[in-house]
Every structure is written in C-alpha cells, then in structure tokens.
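Next up: some structures, all given as structure tokens.
Both complexes shown next keep chain A, but they swap its partner, so chain B is in the first and chain C is in the second.
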Partner chain A sequence: MLSGGLRSMTVSETAHNRVELRLPAEFGSLPVVRGVAATVAMGADLTVDAIADLRLAVDEVCSQVIALARPGAQLTCAFHSTAAGIRVSAAAPSKDGRLPSADSFGWHVLRTLTDEARAWLGDGEDHPLHVEILKRNAS
Partner chain B sequence: MDDDTGQGDDVGKATSAAGSVELITTDGPTVLRVTGALDLALAPKLQQLVERAVRHGDRVLVVDLTEVDFLASAGMSVLVRTHREQPGMRVVAEGRVVLRPLQITRLTDELDIYPTLDAAVAGR
Partner chain C sequence: MPTTERTRSSEYDHLAPLFVELAACTDPGQRAALRDKLVTGHLPLAEHIAVRFSNRGQPTDDLRQVAVVGVINAVDRFDPERGTDFLSFAIPTIMGEVRRYFRDSSWSIRVPRRLKELHLEISSATGALFQQLGRAPSPSELARHLDRPVEEIYEGLEVANAYQAMSVDESREDGESESPLVRSLGAEDPELAKVDYHESLRPLVAALPERERTILTLRFYGNMTQSQIAEKVGLSQMHVSRLLSQTLQRLRGKLGPEM
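Our next item is the complex of A and B:
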C-alpha cells in the first residue's frame, strides 16, 4: 500500500517507540491500559481492525495478570513497537504462584489475536507473573 | 422462592468503572442492558444478574450489547456460559466493536444474535 520510502520512514519513527505504564493491579486500571493500547496501535499505523484487535489483546494480557496478582500489587505494562511488530508485556507480583490456565477461553482469545503469547513466573521473592504477546506487522 | 417479584422493584443495576448492566423485566423477555466496557470488571456483575433472572424463572433472556464499546473475553465467557445453560438467550449486537470479537472467536456461529433490541424481543 505504501511506497518503499514511506514505509522506511514509518519504521525509523517507531523503531524506538517504547511506553511503560505502572498502575494498581486492579480491574479499574483496565480502561487506562486499553486507552494506551489504542494510542500505541494508532502510532504504529495499524488498520482500524488491527487497532481493535490489539486493544482486545492488551486488555486480555493485563486481565490475566491482574486476576492472579497479589492484592495491592503494582501492574507494569510495557509496549514495545518495532519494525517487526508490537510486543506487549505485563507483570505483577503473583498471589499464589499460579500461571494463567492455557485451557481458558481468555488464553484462547489471546492466541487467536496474536502471533506469540506466553506466561511465566520470574525469579525473586515476589515471584512476578509475566504475560507477553507479540503481534507482528502485516507484511 | 419468596423473592419479591413486584415489577417496579425488580430492576437490578450494577456498575463498574467503565460500564454498567441493568436488568429490565418486561411483559416479554427479560432484558439485560449492558453499556460501556464489558470487561473483567463488569462480566461478574452481568453473570450475577443473569443468575438472578434465571432464578426468577425467566426462560428467555435478551442481553442487549447495543451500547457496549468494548467486549473482552471475560464478557464473551459469560455469554457462552449463559447460552449453554439457557439456550433461549438472545444477544443484541450490531457494529464492529462488538461483532468483531464475536467473529474472531466464532461465537457468531454459536450465539443467537439479533441486530436490534426489537428484533431480539420479537425473536425474529
């Protein structure tokens, strides 16, 4: 759709695009996360549908982390927009060391919407739960 | 089952930071009107009001998503669960914001979806 020149300009502008949020790990933080997701997606020059998909995926990533976070914990959500695509990772101290269920409907939605989705527990006494997705740019 | 079923007092409402659910009893189907974001915060409240309507013996439920501006998996899970337990559930959904998540998850094939509240109430 874009000429080669325009495409490379877009790439260079988004190559170092990184946004990080720190919010209470509560359901009430989700509207803020969705708003930032939409802004990042628009900055990455995505289609209307791709923006909506990213907003849904990011909401799901953070919902998964918040649901398993220790009460009163802080949620970190980072958006990293590169030439290859948008990587989003969220983390918070875990409530009980559980990982999201890979059989759940929410995880199914996450896999459907993204090219990569994974969850793991980090080291450290907080045992932070991490959930990360990658949405590749359409080629 | 001694719940007060007086029509006027039978309106339930629940809200979250970014949305609300209202239970409206009519002469016809019971309507659950959802507005705003049907996300992890609001989905449990929709579930509670669905259960309340079912306890009252309402067989035909209409979940009206016309004014929903975001539909998360938590909200879709409630729709699926309700549909499996209450096959008479009808969903009002129009517009990309709501239809796209339902299409991506193929729930458009499973749920009984109507474009308007009137059509859903009439069942056609």
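Our next item is the complex of A and C:
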C-alpha cells in the first residue's frame, strides 16, 4: 500500500504535470496565469520562496510576450512539472519579429528568479515569439 | 494597574541569559527548546502591546495574535552581541508589526477569519522553519509543522495573494514611517549604495519608498532569497513576497510594457 506522502504526490503529479492555457494576449490575462503558476508550484511542493519566485517569473514571462505580441493575438502558456523542476513556456504571434532585450531589467529579473531563461522566434507564418523558463526543484 | 518600563524590565530579566545561550547553541533540538522558552517568557509583552492598541476597531484577539508573531520575530532576530537589551529592540519591532497590521487590515473586510488566522499561522511557521532548515519550507513541510492537511496550506498561501490584490494601492508612500530598522538599512549597508541599477531603472528606484527599494535591491542585485530578506528587514516572507510583486508591477507600469 502506498504511504500518504506517496499517494498525495501521485495525485498532484497527475493533476498538475502538464497544464496549458490559451488566453487573450493582454495584460488582463496575467492574474489567471499567476494563479495557475502558484497552483502548479505548490503541487510540486517547491519551497515557499521558489513558489513566490515562480509567480513573479511567470508574470514577467507573460508580460514580455504580451508586450511584443500582435494585437488581438492569443497567448499560449504551458506549465510542465517534472521531478527536476517546473518549465514554463509562453508564446504568441509576434508583432514585428523582435525578441525581448537581454539587457533589460525585465530580463535581469527573469534570470534572477529562474535557473534558465531563453527567448526565440518560432517557424511558421506568424513567427511566434517564445519565452521559456526553468525553475529547478532544489534551490 | 499601569505597567512601567521598569517593572517590565525586571519581569523579563531572568530571560536575558537565555539569549546568550541561544546564540552560542548549535544543537537544533536545544535551540528550539531555548527559543520556545524565550517566546513563551515574553508573551506578556504581546499582551501589553495588544491591549494598548485595542479599541481601535480591530478585535483584540487578532491584535494579540499579531503581537505574538511580533514577539516570535523579535526573538528570532535579536542579537545579544549588539549590546542593546531585548526589550528596547522588541517593543518597537512588535509595535511596528501591529501598526502594519492596522495598515494592511483592509483585507479583513472580505477574507474570512479562519483564513486570516491560517495566514498568520503559516506566516510565523515559515519564519520558524527557515530558522530550523536554513532555507524556506515547502507546503508539505508547513503542513507537517502545523499539523494541518496540505490543502489548507495551499489555501493559506493563496490567501496571501488575495490580500495583495487589495493592498496594491494602499502601501505606498507611508512605508517610511514604519520600521526604523528598514529605514536605516539603505543608509547603512554599503553594498546597497554600490549597486549599479539598470539605466532606465535608476530614477524609478530612487522614487520608491525605502522599504520597497531595499527589498527590490536585495532580491535582484543582492542575490538574497525572499526568506533571507524577510529575516534581514524584519517582515514575514509573505509580506516580502507581496511587496516585491507590487514593486515589480509598479515598475512595469512606469517603464512601460517592455521593462
């Protein structure tokens, strides 16, 4: 028989292992994304510091994508929770093919809050802008 | 009967040596026992302060709880090496905690009492476990420590953010009037004075209230975790988290979307 701890871990893994959101690429979507980020991070039993960091980081990731998204576009935000940590990627069709500036304060915030942060333009007609972060489990 | 500072001092004199013992003690079990003794011994202080602030529209039970959290924080942060006695350190700390509670208590209108209590419990347990573990606890560790189901911890942690949404506009420029500790930090810490902020950020950072500026700088230029910052500035981790989130939102508003 499974112990209580193992059982609850299994439940949270199936519930939060992979979550994908589709929302309007607008700043008004941020509270929803933040809430999901916190739920996924709590389910992964990160420390309260890491949970708070992930909330801030996801806010920043989505803000960056939204700022450079084509007006009226859709934002996709995916959370992937594994034993190693939580990977979050946000994407939206780009307005003008620009990437977030790596010298900006916003990008500095992302690098401080996470273990990996990168941005790139995808293939395809509307050159989706992707921003992805990884928050490792033990930090 | 009014209690004077003098009688209060003698009431707690016998506890002073325990701080020295605690500072020298490395055994986690023994440390926890000493801490318990110190907190319990100083509880009447919380009572005195809570009573002083009663009749201002907040339930005395709430005030008592906030003051108790203040006692715990003061015990955790007091350094006997500094040469001041505990009371002159603790009284302003605890009063600051209670004043902050008044200022932040707009949330009490909408958040049920049960959740407020849970929030306070989690808040102080986070500090205690940080002391014990040397890092912030996870929800399951908080659940074990408080002997509550982990779902309640999730709920309590989320309440902190509900509270944030309501207090965004209210914690602004009055930050200065609060903790003398925070006020002195920016001026005294030479590391903070040397920080090379991002160009566009400089005028905005200068315009932030001292407390927000200190927290922002320690997190993003001082590489400290939220729990370490909480300990340093004498707030709870949840409070630091809230202020940090508000400050980033504020900067984003000022810097424009491409922060």
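The criterion applied here is as follows: the second predicted complex is superposed on the first by the 122 of 139 C-alpha atoms of A that agree within 3 Å, B and C clash if a C-alpha of one lies under 4 Å from a C-alpha of the other, contacts with A are read in each partner's own complex, and residues count from 1 in each chain.
What we mean here is this: a contact is a pair of C-beta atoms (placed from the backbone, for glycine too) under 8 Å apart; a residue touches a chain by one contact, two chains touch by 3 or more.
Here the structure is a predicted model, which is why all the values come from computation and not from measurement.
Colleague: Once the two structures are overlaid on chain A, check if chain B and chain C clash or fit side by side.
Modeller: Verdict on chain A: clash between chain B and chain C.
Colleague: Could you look at A:68 and tell me whether it touches chain B, chain C, both or neither (first, second, both, neither)?
Modeller: second
Colleague: For A:136, using the defined touch cut-off, is the partner it touches chain B, chain C, both, or neither? Pick first, second, both or neither.
Modeller: Neither chain B nor chain C is touched by A:136.
Colleague: Touching A:45 in the superposition: chain B (first), chain C (second), both, neither?
Modeller: second
Colleague: Looking at the overlay, does A:18 come into contact with chain B only (first), chain C only (second), both, or neither?
Modeller: In the superposition, A:18 contacts neither chain B nor chain C.
Colleague: Name the contact category of A:28: first (chain B only), second (chain C only), both, or neither.
Modeller: So A:28 only meets chain B here.
Colleague: With the two complexes superposed on chain A, say which partner A:101 touches: chain B (first), chain C (second), both, or neither.
Modeller: Touch status of A:101: second partner only.
Colleague: Quick one: name whichever of chain B and chain C touches more residues of chain A.
Modeller: C
Colleague: Following superposition on chain A, which residues of chain A contact chain B and also contact chain C?
Modeller: 27, 31, 34, 48-49, 52-53, 55-56, 59-60, 63, 66-67, 105-106, 108-109, 112
Colleague: So in the complex, which bits of chain B are touching chain A?
Modeller: For chain B paired with chain A, touching residues are 16-18, 37, 39-41, 70-74, 76-77, 80, 96-97, 100-101, 104-105.
Colleague: In the complex, go through chain A and note every residue touching chain C.
Modeller: 5, 8, 27, 31, 34-35, 38-39, 42, 45-53, 55-56, 59-60, 63-64, 66-68, 100-101, 103-106, 108-109, 112
Colleague: Inside the complex, what are the residues of chain C that reach chain A?
Modeller: Touch residues, chain C against chain A: 126, 135-140, 142, 150, 153-154, 157-158, 161, 165, 198, 200-201, 219-220, 223, 225-227, 237-238, 241, 244-245, 248-249, 251-252, 255, 257-259.
Colleague: In the complex, go through chain A and note every residue touching chain B.
Modeller: Touch residues, chain A against chain B: 27-28, 30-31, 34, 48-49, 52-53, 55-56, 59-60, 63, 66-67, 105-106, 108-110, 112-113.
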